[in-house]
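The structures considered in this document are given below.
Here come two complexes built around chain A, the first alongside chain B, the second alongside chain C.
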Partner chain A sequence: MIATYRTLLVAQFQQASQYRVSMFLYLLFSLIRPIIFLAAWTAVAAARGGSVGGFSAADFAGYYVCMALVLHFTTAWNAYEFEFEVAQGRLSPKLLRPLHPLHYSVVENITWKFFTAFGLVPALAFVAITFQARFETQWWNVALFVPSLLLAAAIRFFLGWIVATAAFWTTRVNAAVTLFDRIMFIFAGQIAPLALMPGILQSIAYVLPFGYIIGVPTDILRGGATLDQALLWMGGQVFWLIVSYAGLQLIWRAGVRQYSAVGA
Partner chain B sequence: MSSVIDVRELRKMFHVSEREEGLGATVRALVRRRYRDVPAVAGISFSIEPGEVVGFLGPNGAGKTTTLKALSGLLHPTGGEARVLGFVPWRRENEYLRQMTLLMGNRSQLVWDIPASDSFRVLQEIYKIPEDQYRRALDELVALLDLAPLLHKPVRSLSLGERMKVEFAAGLLHSPKVAFLDEPTIGLDVSMQARIRRFIAEHNRRTGATILLTSHYMADVVALCKRVIVIHHGVLLYDGDLAALASRMAPYKVIGVTLRDGSEADGLAAYGDIQSRDEARVTLHVPRDAAPERAARLVNDLGERLIDISVGDPAIEDVIDRVFTTEATS
Partner chain C sequence: MIGRYARLLLVFAKVETQYELEYRTNLIFSVLQQAMIMVTSIGAMLILFSYTTTLNGWSLAEMLVLLGVFYIVQGIGDTLFGPSFERLLEHIRLGTLDFTLLKPANGQFLVSTRHVKLRNSAQLVLGLVVLGIGISRLESALSAAQVAGFIVALGCGFALMYSLLLVLSTLAFWFVRVENLLVIYGAFVDASRFPVDIYPGWLRVTLSSVAPVGIAVTVPAQALAGRVDALGIAALALAATLAWVLSAWFWRRGLRSYTGASA
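So, the complex of A and B:
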């Protein structure tokens, strides 16, 4: 499998290197939302005498810089493409090769994130300096952040595929994907850090998987949690990884039985 | 079971929504949708031996492509059984997928933005083709399909015909033992069609691959297939020699008569059904058994007025057309 991934990565690199403009736009996409919210919260903090719920403007800057990084590395757009692949019959040749179609998406995902990271990291460093971001990151934060980020990316990826698999039944899934993205937007910690969410919403956020995709790795990286808290959250990530993986297995098996190979 | 492909009572039902035309019906369909079960394949059985090239014929919507999709593993059938190379296709075991291919018209197996040679390397890795076997297969495909000038251009910059050739190569790189070809020459010009045909025949001869192909071009079928399977409305109508199809399905022969200028053709109706008259050339359909006797009588009776006479089977297109139209009206 390692050799297969190496070959697929080389092909994907060749492909991705031809679309520099598109990569630049993806980069902007990763940056715009966090910066808008950072600007808004900075203004609110200033109006409230310097802080909101214990978050100073510098804390918000630290949070949103980390969040932009997490958002970038956990994003998954495969559901949008899956609809197209099903409707155009492009999934069929992939289904008939001795390699699960999911692997192509994994490779594509890794490649785009790798390429765009080169622009993202300096851009985020610039934002961090401009907004005087504060990080309370210790060595263990970085050590836990890496596996936490990988878990988050995997959960997001599997959930994206679960939503995408609806295309086996309906062919069109964009509405479902958009709904999924909006719910994730609310509960993942993008509008506000999870700690600042009003009581009931915060409780819901810690039950749903979305916070474990964005909020948790973000807080682990910026030093916004104790070690015990971080480990507990990562336990939640492992739980959601297992649930999303098992869910995908089940729904995929049912979906391919349903697949009518339209347009192919 | 020595057959490479063995199909027993294969059935596939599609659950499709339907509605009347017009705005009112559209609004009603939003609230309450009507579904209908459409049998695409209604219980067909056949088996194919190693190395055979079999033509799978039928009009649009007959169930040909659905059958190919089920046999390649894309579709789960509603009922019946099938084994290809001993595997149940729709389980899509890797061991099975490595030994078969489904080539569908102009569907893309290749990555658009990179040259075909790079896509081939990806396929080599996915199918785990050993280097020496890969080189051998590639060299053969390059030679047969004249691919050398195309290999290093991005696939998106190739013309339709060029892309089809490269797609063919991509689908056959792993030297599949079974190939399902769905309209392999669709959309190609006449010389490219002939080239693909020659290629399929040559590939079959060299590798002994078993091939089941559908085509609307009878020339493909005549050039490649000794045996044909004819289906219509998901039901098998004929399975046997292409040569015997005419005698089985069309109970008549065609007699062509060319008359001297100014000769009267009206009396010819007594010898058979006049199908066409083009200046001095008259075409008659006569019952198969009576053909020799009618031809002899024509020669005898027309005497000096006859320039030329021919007796033959109807064109295969006409036989197929007759089968389908008869079935449609019965």
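So, the complex of A and C:
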């Protein structure tokens, strides 16, 4: 398996290095949303005389810089391509190969994140400086952040595939993807840190998987949680990882049986 | 002359609508998607306002007005000329623009409006609803001058957006692959859902000059809130006219570099 992945990675790296410019431009999307909401919360903090529920403007900046990083490294876009592949019947040759199609997109995903990281880090440093971000990161935050980010990326990846497999039944996944994206937009900690979600919305956010993809790794990295809290959250991540993996297994098997290439 | 082009526009809209109606489920889902996006962005706004009554001087009612304007501007762009410009890029790359240029009508008009996409006008309708709710909750009643200022500012906003899209698409004559530039444009459009004055200097300047989508949305909303004077509107009108003329010149300049399919 390691040898397979090495081969796939090399091939994908060569392919990706042809499209360097466009990859960096797509980075803008990982950056612009966090900056928009950072600016909005900075304005709210100013209107309240400096801070909102314990967050000062500098804390918001720290939160959103970490959030942009997490958002970038957990993203998965396969659902968008999957509809196209199923509708065009392009999935068929992939299913015939001895390797599950999932592995190809894992490699594609890793390659993209690796390349774009070179543009992301200086851009985030610029945002952190212009907004005078404050981080309370300690050594254990970094130590826990790495596994937490990996868990988050895996959950996001599996959930993305679950949404994508809807294509086996409808070939119109677009609406499902939008619904997924918008629920994630509200509950993942993008429009507000989870701690600031008002009332019942906060409880919902901690039950749904989305907060464990974005909000949790972000708060762990910026130092916004105690050690106990962080460990508890990571337990939640492990739970969602198992659920999403098992869910994907079930749905994928049912879906492939359902699949008949369009035009076949 | 104008009558002829209005008729042409009507024909384009009719043809594209007939085409859309062939895929009715798609149409319904597309409208649902636009509604979902809007409901969630209003939700995001309400969460922000659960902590404050004003955002950099903007009240919730004024923010709803702004969000309404945002979706109206984006809705018209996505309905009228966005899809057409996407096709233009394809035509330039494949060399099939020849067929468009040969037709007995203004080339710029044809490439800007040929592919009207009526399904995207759902945003426009929903935007009008949000705008109406926002206006009804404004503290003071609207004066005739405010409404006039709003209409002029909105018209200027469209002119600015159109000019920018035309310039970006025209660049394809030299660089062929400019989809990436449209991606940047999309990112800036996204930022214009909040008033430009909440952003730090570098982003505010970008949204008001190189990519004036920010002021295209903010100024009409300011006009309704009574926070922009006649001089401001006049300056915007001047800038919009200038942008319109320059972008048309740039388009003609680009066309001269077009070599066609078999050349």
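FYI, the second predicted complex is superposed on the first by the 262 of 264 C-alpha atoms of A that agree within 3 Å, B and C clash if a C-alpha of one lies under 4 Å from a C-alpha of the other, contacts with A are read in each partner's own complex, and residues count from 1 in each chain.
Keep in mind that, in the parts below, contacts are C-beta pairs under 8 Å (C-beta built on N, C-alpha and C of every residue); 3 or more make two chains touch, one makes a residue touch a chain.
Keep in mind it's a predicted model, so treat the numbers as computed, not measured.
S.K.: Should chain B and chain C be called a clash or a fit once both complexes are overlaid on chain A?
M.R.: fit
S.K.: On the superposed three-chain arrangement, identify whether chain B or chain C touches more chain A residues.
M.R.: C
S.K.: May I ask you to decide whether A:259 touches chain B, chain C, both, or neither, giving the answer as first, second, both or neither?
M.R.: The answer is first: A:259 touches chain B but not chain C.
S.K.: So, A:8: does it touch chain B (first), chain C (second), both, or neither?
M.R.: Only chain B; A:8 stays clear of chain C.
S.K.: Between chain B (first) and chain C (second), which, if any, makes contact with A:98: first, second, both or neither?
M.R.: After superposition on chain A, A:98 lies in contact with chain B alone.
S.K.: Between chain B and chain C, what minimal C-alpha to C-alpha distance in angstrom results from the superposition?
M.R.: So the smallest C-alpha to C-alpha spacing between these two chains is 7 Å.
S.K.: From the superposed pair, tell me which chain A residues show up as contacts to chain B and also as contacts to chain C.
M.R.: After superposing on chain A, no chain A residue contacts both chain B and chain C.
S.K.: What residues on chain B touch chain A, complex-wise?
M.R.: Contact set of chain B toward chain A: 14, 69, 72-76, 92, 94-95, 97-98, 100-102, 104, 107-109, 111, 113-114, 118-119, 121-128.
S.K.: Report the residues of chain A in contact with chain C in the complex, numbered from low to high.
M.R.: Residues in contact with chain C: 21-22, 25-26, 28-29, 32-33, 35-37, 39-44, 46-48, 52-53, 130-131, 172, 174-175, 178-179, 182-183, 185-186, 191-192, 196-198, 201.
S.K.: How about chain A: which of its residues touch chain B in the complex?
M.R.: Checking each residue of chain A against chain B gives 3-4, 7-8, 10-11, 14-15, 18-19, 89-90, 92-93, 95-99, 256-257, 259-261, 264.
S.K.: Which residues of chain C touch chain A once you look at their complex with the stated criterion?
M.R.: 25-26, 29-30, 32-33, 36-37, 40, 43-44, 47-48, 50-56, 179-180, 183-184, 186-188, 190-191, 193-194, 198-200, 202-203
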